[in-house]
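Sending over a structure as structure tokens; questions will come in a sec.
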Amino acid sequence: MYDRIKESFDEQGLMKTLNAKLVSVEKGEVKISCEFSEALTQQHGFFHAGVATSIADSACGYAALTMMPEDMEVLSVEFKINFMKPANTDKLIAIGKVLQSGRTLTICEGYVYDISEEKLICKMTATMIAVKK
Amino acid sequence: MYDRIKESFDEQGLMKTLNAKLVSVEKGEVKISCEFSEALTQQHGFFHAGVATSIADSACGYAALTMMPEDMEVLSVEFKINFMKPANTDKLIAIGKVLQSGRTLTICEGYVYDISEEKLICKMTATMIAVKK
Amino acid sequence: MYDRIKESFDEQGLMKTLNAKLVSVEKGEVKISCEFSEALTQQHGFFHAGVATSIADSACGYAALTMMPEDMEVLSVEFKINFMKPANTDKLIAIGKVLQSGRTLTICEGYVYDISEEKLICKMTATMIAVKK
Amino acid sequence: MYDRIKESFDEQGLMKTLNAKLVSVEKGEVKISCEFSEALTQQHGFFHAGVATSIADSACGYAALTMMPEDMEVLSVEFKINFMKPANTDKLIAIGKVLQSGRTLTICEGYVYDISEEKLICKMTATMIAVKK
């Protein structure tokens, strides 16, 4: 399961650009981290909302993919994300968790924490769809 | 007005990393573009959803900022985005438009088009908040 | 097309309870109205957000249904709604419009106006799914 | 705290119309239930999405209100809700929980269960705002 996700993750140019790492893969749960750099900031010098969103989206998508048959792949239908605290941390940790998986649609929740995994920076709810490869 | 937005835009390390450009600034409407590169892809070689989302978020935030007094700045409270078509284009064009502006909160809509500005790739609704500098 | 929607609308007990009316049905666009009564209020005596949401959801769902084959029906996958102005009006007018229709999923936008159809009270984006009857 | 919420709840005409009951009030968490009746259905005879949404919105709003000073009241800024299972149950149980509370904005999560409180029918994320009475 890890290999399936890792292979896809490594094909995402954006994850490389963000210097994001695939931390762990379990059935229904995927963790991705991203270290701070100047290249990822908004105008106040913290992580840009787009970085947190990108790794949360990938974490949710891959969490959904762990529930899907091998001949399917995953696309994001939509997501909603609330930003709760400023993302001033040395590392973002995004955790995607499957809330409900169906044959076509999978609903996931994404949590982005600071480096201590204690401060919840943002919270996503995402709808993912399984499509034939 | 353009200068105010441009100055902030240039401080966003992520916009530089994505090679995003501030195209235009009008009262209540901001346009940002982003050229395709391998550095911005998901696993199928198209633009990652996170790229479209990042420039749409910035376009919405800056559109909101054009409605706010000079001593305020803008933060994203939350947004929701629907992905409608694969982002296989040479350039993404994100347009943020103010739907309703209040003293504290501003609601914006973000549209991300392909290079022709004809194919709507994704659609965002965002809530922005004005905060004292 | 009107008959197909009208028949389903009349089977919705909630629409009767809210005293909602099916105003018009066109391909990709459905309008539903709801007159004010004390039975539909929140604590300040205006329309409850739930009423605006219910008729916007129905308008979006039926707008989606106008794009689907006769042997399919529609279910709400998810929606997001922003409340922009207090719903203090004698009648709510909800308009559901298809933004993008696919074989499985249809994305709609819902607008709820006051009686004059000039004040935008709330704005919805909804994802609908086609299911076999 | 219960009295403050109960008084407001009793002023909501819609809660009476839906025959909804305020089940419990704790700091940061409010529970509302709603018994099935033909008056609350969609076209397949189950609870209409609008009913689940209405009680989830009220539960989230009141959960937020439990965190606010006595001279403030609460308004819904926006919410997003995913529908996961058909609402074919004798009673809906909505639980609103505060995820993050700030001076101006409070983020809540709403869960709507079936009568057994085991089947999660829908999941809401809501942004609430405190306003001076």
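Couple of notes before you dig in:
When the chains are written out, they are named A, B, C and D in that same order, and each has its own residue count from 1.
What we mean here is this: a contact is a pair of C-beta atoms (placed from the backbone, for glycine too) under 8 Å apart; a residue touches a chain by one contact, two chains touch by 3 or more.
Everything quoted here is computed from the prediction, not taken from an experiment.
The chains in contact with chain A as well as with chain C are B, D. Using the mean of the Cα atoms as each chain's centre, the chain most removed from chain C is A. The interface with the greater number of C-beta contacts, when C-D is set against B-D, is C-D.
Where chain A touches chain D, over half of the residue numbers in use are shared by the two copies, so each contributes mostly the same positions.
With centres defined as mean CA coordinates, chain D is found 29 Å away from chain A. As a whole-number value, the distance joining the C-alpha centres of chain C and chain D reads 20 Å.
The distance from the centre of chain B to the centre of chain D, with each centre set as the mean of the Cα atoms, comes to 32 Å. Within chain A, residues 77-78, 80, 82, 107, 127 each touch two or more of the remaining chains. For chain C in complex with chain A, the residues that touch the partner chain are 77-78, 80, 104-105, 107, 127, 129. Residues of chain B that touch chain C in their complex: 80, 82, 84-85, 99-100, 107, 120, 123, 125, 127. Chain B makes touch with chain A in their complex at residues 8-9, 11-17, 37-43, 45, 48-51, 53-55, 57-58, 73, 75-83.
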